[in-house]
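In the two complexes below, chain A is the common chain; its partner is chain B in one and chain C in the other.
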Partner chain A sequence: MVDTTTRRSPLAGQAPALAGLPISARELPFLTQLNLRADPDGPAAASIGRALGGTLPVVPSTASRFGEVDVLWLGPDEWLLLAPSGQEEALAATVRRAIGEADGAVTDVSAQRTAVALTGPRVREVLARGCSIDLHPKAAPAGSCVQTLLAQTGVTILVRDETSSDFLLLVRSSFAEYFAAWLIDACAELGE
Partner chain B sequence: MLLIPCPWCGPRDETEFHYGGQAHVAYPGNPAALSDEEWARYLFFRDNPKGAFAERWNHSAGCRRWFNAVRDTADNEIRAVYRTGEPRPVTA
Partner chain C sequence: MSRLDATSRIDRGTDLRFTFDGKDYLGHPGDTLASALLANGVHQVATSIRFGRPRGIMAAGVEDANALVQVEAPFSEPMLTATTIELYDGLVARGLSGQGRLAAEPDPARYDAIHAHCDVLVVGAGPSGLVAALTAARSGARVVLVDDQPEAGGSLLGSAEQLDGVPATTWVSATVAELAASPEVRVLQRTTAFGYYDDGFVLALEKRTDHLGAAAPAGVSRQRVWRIRAKQVVIATGAHERPVIFADNDRPGIMLASAARTYLHRYAVLAGREVVVFTTNDSAYAAATDLADAGAEVTVVDARPEISPYWAAECARRGIAVRPATVVIGTSGNGRVTSAHVVTAVDGSSGPRQGIGCDLLLVSGGWNPAVHLYSQARGTLRYDAKLGAFVPASELLDVRAAGSARGAFTLAACLAEGRLAAQDALTALGIAPGDVPLPGTPEQPEEVPGHVLWSVPDHREDNAPCSSFVDLQRDATVADVLRATGSGMTSVEHVKRYTTIGTAHDQGKTSGVITSGIVADALGVDIASLGTTTFRPPYTSVSFAALAGRDRGQIFDPVRVTAIHPWHVKHGALFENVGQWKRPWYYPQRDASGSFEDLETAVLRECRAAREGVALMDASTLGKINVQGADAGEFLDRLYTNIMSTLKPGFIRYGVMCGMDGMILDDGTVTRVSETEFLLTTTTGNAAKILEWMEEFAQTEWPELRVSLTSVTEHWVTVPLVGPRSREVLASLAPDLDVSNEGFGFMTWRDAEVAGIPARICRISFSGELAYEINVSAWDGLALWETVIEHGTPYGITPYGTEAMHVLRAEKGYPIIGQDTDGTVTPQDLGMSWVVSKKKVDFIGKRSHARAENNRPDRKQLVGLLPVDPTKLLAEGAQLLASADVPEPPVPMLGHVTSSYRSAALNRTFALALVRAGRDRLGETLYAWQDGELLAVTVADSVLYDKEGARRDG
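Showing the complex of A and B:
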């Protein structure tokens, strides 16, 4: 029988076009993404923080990194756990154990978004063409994480390292092709 | 475009927000006891002041939380923002 369930990432077809850009844009396909809801002051949040090895970020528009798990602040009682591919079940089990009988919810949303790593000194210049957020290193240091509109599509931008211009951008899978097309167009104006 | 200060995320473009109409419109305690006229008044009748107006906004492209803002309808200045459940602040 033919295997018809081969996984194909949302930007698989755009990889050659993205490779030719003057900035480095590379899709990180199939990352583990878990949506986490819990009262930030409740026992579940504290317990999850301990299980991950720190405390969940409570300052709006920030993210924390515990080992290879990024915890992104999405709302006052909502976080996104980002981990390497294939850890969905293990990470969800860890978080569920930490929640125990307390109030909290963890949902696998790995297919909802795809991630694009953007690096290079001109990334800010490119993003500024479609995004009104100030990404200057002073305004957005490493660990900043903003949810905003980029060229009318909802994105989450995580600043990994402000000095070397290292960004991780999360975009809905269904908008990924549109985002890639916009990025290629925005880079065209940069020239050489 | 308005620059709306989300109580969680800070100032953001108006396009990131969704408008929710007048704030502090309480759901009737006993809807079944209302006459048609009172029910219509609850559903459809809203204030339309020239000046400070408390209204609901949702930061739909950001943290997706509802909050309240006092906007001056004459000059579109946002006088105050506050989280849901908090009383309306006194504004000039």
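Showing the complex of A and C:
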């Protein structure tokens, strides 16, 4: 059994500062993240979909949820599987089994990015300070998933509810400190 | 005092104290600095930049070319226009003669930027804009309405118009209230749309706390740039009144007619008691009659022979003298204007010059629609001869002008156009427009067409310098324009640059079209074909601080850090910027005297530890790309100069990538994980570039290859454990791993637990020493690092930074791509022909390697340099000469130093250099030119330490 108590997430040092913000911003550390590459029309994609209990999303900038696995469309032949902590090996094995001899690639990228849950009615206003994507419910309904820039860092934003007040944001681990500093600064004017 | 008791938009109940040019005054909330100055009888604001002539307030808005001031308190800000500064208590300002002064202190204020999206953006909250916004709002569309004034209403604030039989401001209030209550509508006052960019992207500057002065709350940004993406844009920006140019038209007290009317109605300021109104059109009569009603003695001078019967009667009723067929040809005054000089045409020739005493001379030469944004949106303009102005020629798909901005000049037409523009915009979006009945407008008198008059010739017969000013801020005159055309210029763009007209803060809002008119007349061409200069953003001045927004200080640029960064900080590392990464440069320790080591001492110590004991570094910033697929080997064969497909799982190979020109692009290691999976590394700074390079080939050149790429740079933390004692440290960390040379050979990898953490260990070395590169999940990186140090402490383990890494690799002659190469260097130039496959059919760069130029024996080649004086450190970049006898310039240069260090292992200084035919010069003496002296150096092999490679296996 591997000892996981000494793990440190990219935003571990920022937790108190994030907790003090006028929006709810909470790191969801150590999530399972697998990058998946496959031909969307090929046998692997269909088989993976079945294994996960649905169909891989093919509409750009959307995500689907199968059980506790979110499948984020990242490109015409690329997805990110997002699952609770500790499922890297099991989920990867499931997907590899589904791919079988067909063409497809699974890569564990769990520590490549960290996840932050942003919730509250004013989250959109905060994100608008650095994100040029329209996150209005009409433009970005639940299940929308965009890869974009937030200020000067790349992020993936998943819209989790119909009122666009519940977001999951993925940011590269090396940019996490910058993201936190930016977010804290962007919230500074929410009081007014 | 010029303040009246009349109804206005100012709050008389509150006094605001302000200081202008050292004198204290009072004003009220709702005032601008300009209106407050006029209320205090101050007309002169500054002197002009070239001639020092007294200048005053000529407008009531952004078009003012004159009234530049420097605000001194509460925060210093240069080059603001008095007509756009909202008055606040404690304002200290002074007039500017054309040039301001940046504050010496950093600006303490916050600035902000925010994105917004809407179906319909309406620019301008005058009558057209308000109706447009209301029409869009009632349809349920997402609407943004921006307006540069503190309150909505536009021209209605400065006039006495009635709508539905009551003051128009009542309708404005009701409309604003309805918009404010609409959930999908955002109304932004004090916000200027200053630029239109592609695809409905409009930038607007909101002044949020400027008007509060020292009372501005600390946490609120002073200004905010709105980045608005609109599906449809309605431009309802109104029009700017245009003067007529005549001699001495620049005195304080000479003002646009509509400006005086605005000062009267909006600010209750009567700008003069004896007023001459010089007009070419009907619009100025409203100013004449309103000022007369307020108690001024008014004379109207109309350039047209025929006067509107309606306005003639209105003037007669008030005792206003009207002089038809008359123009102002000059003025007199000492400072402020005291007399207008007029000439009346009699039977087609000029009558005698007459003076009319006045303290206010109002001018109206017609109106220029504010087409700036429309023109920036690539809307074409056409000249309307009746208006003497350029107006939008057609509608764009997603940008429409409405109201005065489109050349409509009656209130009824402006309201109707606003509604129509919004209806068209909504229809284009497939949204059913809401029902908006238009308020009733009073019947308009029949208009007598305006007379287009750009300038009145200077009638003076003396040789006085021309004082007919076109651009008052630039002190540029009609004579300057004529000098430009006289010297052969036929383009208004050239005339603009020659005369500087239109280049000041106001960007020629009052002077641009007039210049076109004067040029057209001078050249005898049609102004319609001559056109105007280009309307470029920004529409009004925007400070750099506002554009920078919140991207300053800590978040000016992202700082990328590794998972081990907190340890580096805690242990006093100094950092080197590598791209956006912070990498430990070296770790200065306290010496015996308690002071910190310098770079040289620290690096010698860190290098010695790596060569003689054990050391570790954080190499997590290396780019890492996972390559998978049935054709992954073939794909890498085509990218790298050497063969990768023959590499067996479990093994690692060094590789070099070239560009199509055969020059080295990047290098790194390739680890074969399985038959179908490789993991390759790139240099830190090239990670993103190489991934894109590889993706481009995978997607566009070789789509038939079954291969996919995934960046895993930040998934892994990479810690090289280096030095002769690294094996012992690893053995203690990974008791289950066979760390012997036989069991774990050079250029192989193993998966094992290190300190209980799952790790991939690679036996590769960038120092020539025995080394193990330990890779773990980034989550485990800090724990790994701390545990390795714990286990290494008995062996004297030493963390080292990038500087020591550079020295160690240079001693071994390992090049750094981008430092020892510069895009003109082939693998062969580096003496690395061994890394270029002779067997492969093709790879990127192969064809270029066969070019004669790339095979010349006198190409620059990588060699080592040993200064003859072993204490002298060569400067990186120093040029190398063949002889100590320096000939006359140009001096032939043989090459330059690319890397230079002090070596603990060599006990001397050394360098790497690119030298012409360098490998043929081994043993030769060359001379490095630095700091005005020549240093003798001996050319050596690039590998200066452990040439036989005896140390890598420990």
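Heads up, the rule we're going with is that the second predicted complex is superposed on the first by the 185 of 192 C-alpha atoms of A that agree within 3 Å, B and C clash if a C-alpha of one lies under 4 Å from a C-alpha of the other, contacts with A are read in each partner's own complex, and residues count from 1 in each chain.
The definition used in the following text is that a residue touches a chain if its C-beta (ideal position, glycine included) is under 8 Å from a C-beta of that chain, and two chains touch if they have at least 3 such contacts.
Keep in mind that this is a model prediction, so the values were computed, not measured.
Student: Once the structures are superposed on A, label A:S132 by its partner contacts, choosing first (chain B), second (chain C), both or neither.
Tutor: Both: A:S132 reaches chain B and chain C.
Student: I'd like to know which partner A:L74 touches here: chain B for first, chain C for second, both or neither.
Tutor: In the superposition, A:L74 contacts chain B only.
Student: Which of the two partners, first being chain B and second being chain C, lies in contact with A:D103: first, second, both, or neither?
Tutor: second
Student: A:G86 in the overlay: touching chain B, chain C, both, or neither? Say first, second, both or neither.
Tutor: After superposing on A, A:G86 lies clear of both chain B and chain C.
Student: Of the partners chain B and chain C, which touch A:P121 in the superposed model: first, second, both, neither?
Tutor: neither
Student: A:P60 in the overlay: touching chain B, chain C, both, or neither? Say first, second, both or neither.
Tutor: Only chain B is touched by A:P60; chain C is not.
Student: With both structures superposed, pick whichever of chain B and chain C touches the larger number of chain A residues.
Tutor: C
Student: Could you say whether A:Q147 touches chain B, chain C, both of them, or neither, answering first, second, both or neither?
Tutor: first
Student: Going by the contact definition given at the top, which residues of chain A touch chain B in one complex and chain C in the other?
Tutor: In the superposed arrangement, which is not itself an observed complex, chain A uses residues 78, 132, 152 for both chain B and chain C.
Student: Residues of chain A touching chain C in their complex?
Tutor: 2-3, 6-10, 13, 29-30, 35, 37, 77-78, 103, 105, 107-113, 125, 128-129, 131-132, 134, 136, 138-139, 151-153, 172-175, 177-178, 181-182, 185-186, 188-189, 191-192
Student: List the residues on chain C that touch chain A in their complex, please.
Tutor: Interface residues on the chain C side: 110, 112-117, 142, 217, 219-221, 227, 229, 550-551, 554-555, 557-563, 566, 581, 621, 626, 628-630, 677, 706, 708, 710-716, 753, 756-758, 777-783.
Student: Quick check on the complex: what are the chain B residues that touch chain A?
Tutor: 8-10, 12-13, 15-16, 61-65
Student: Could you pull out which chain A residues touch chain B in their complex?
Tutor: Touching chain B from chain A are residues 60-61, 74-76, 78, 132, 146-149, 152, 154.
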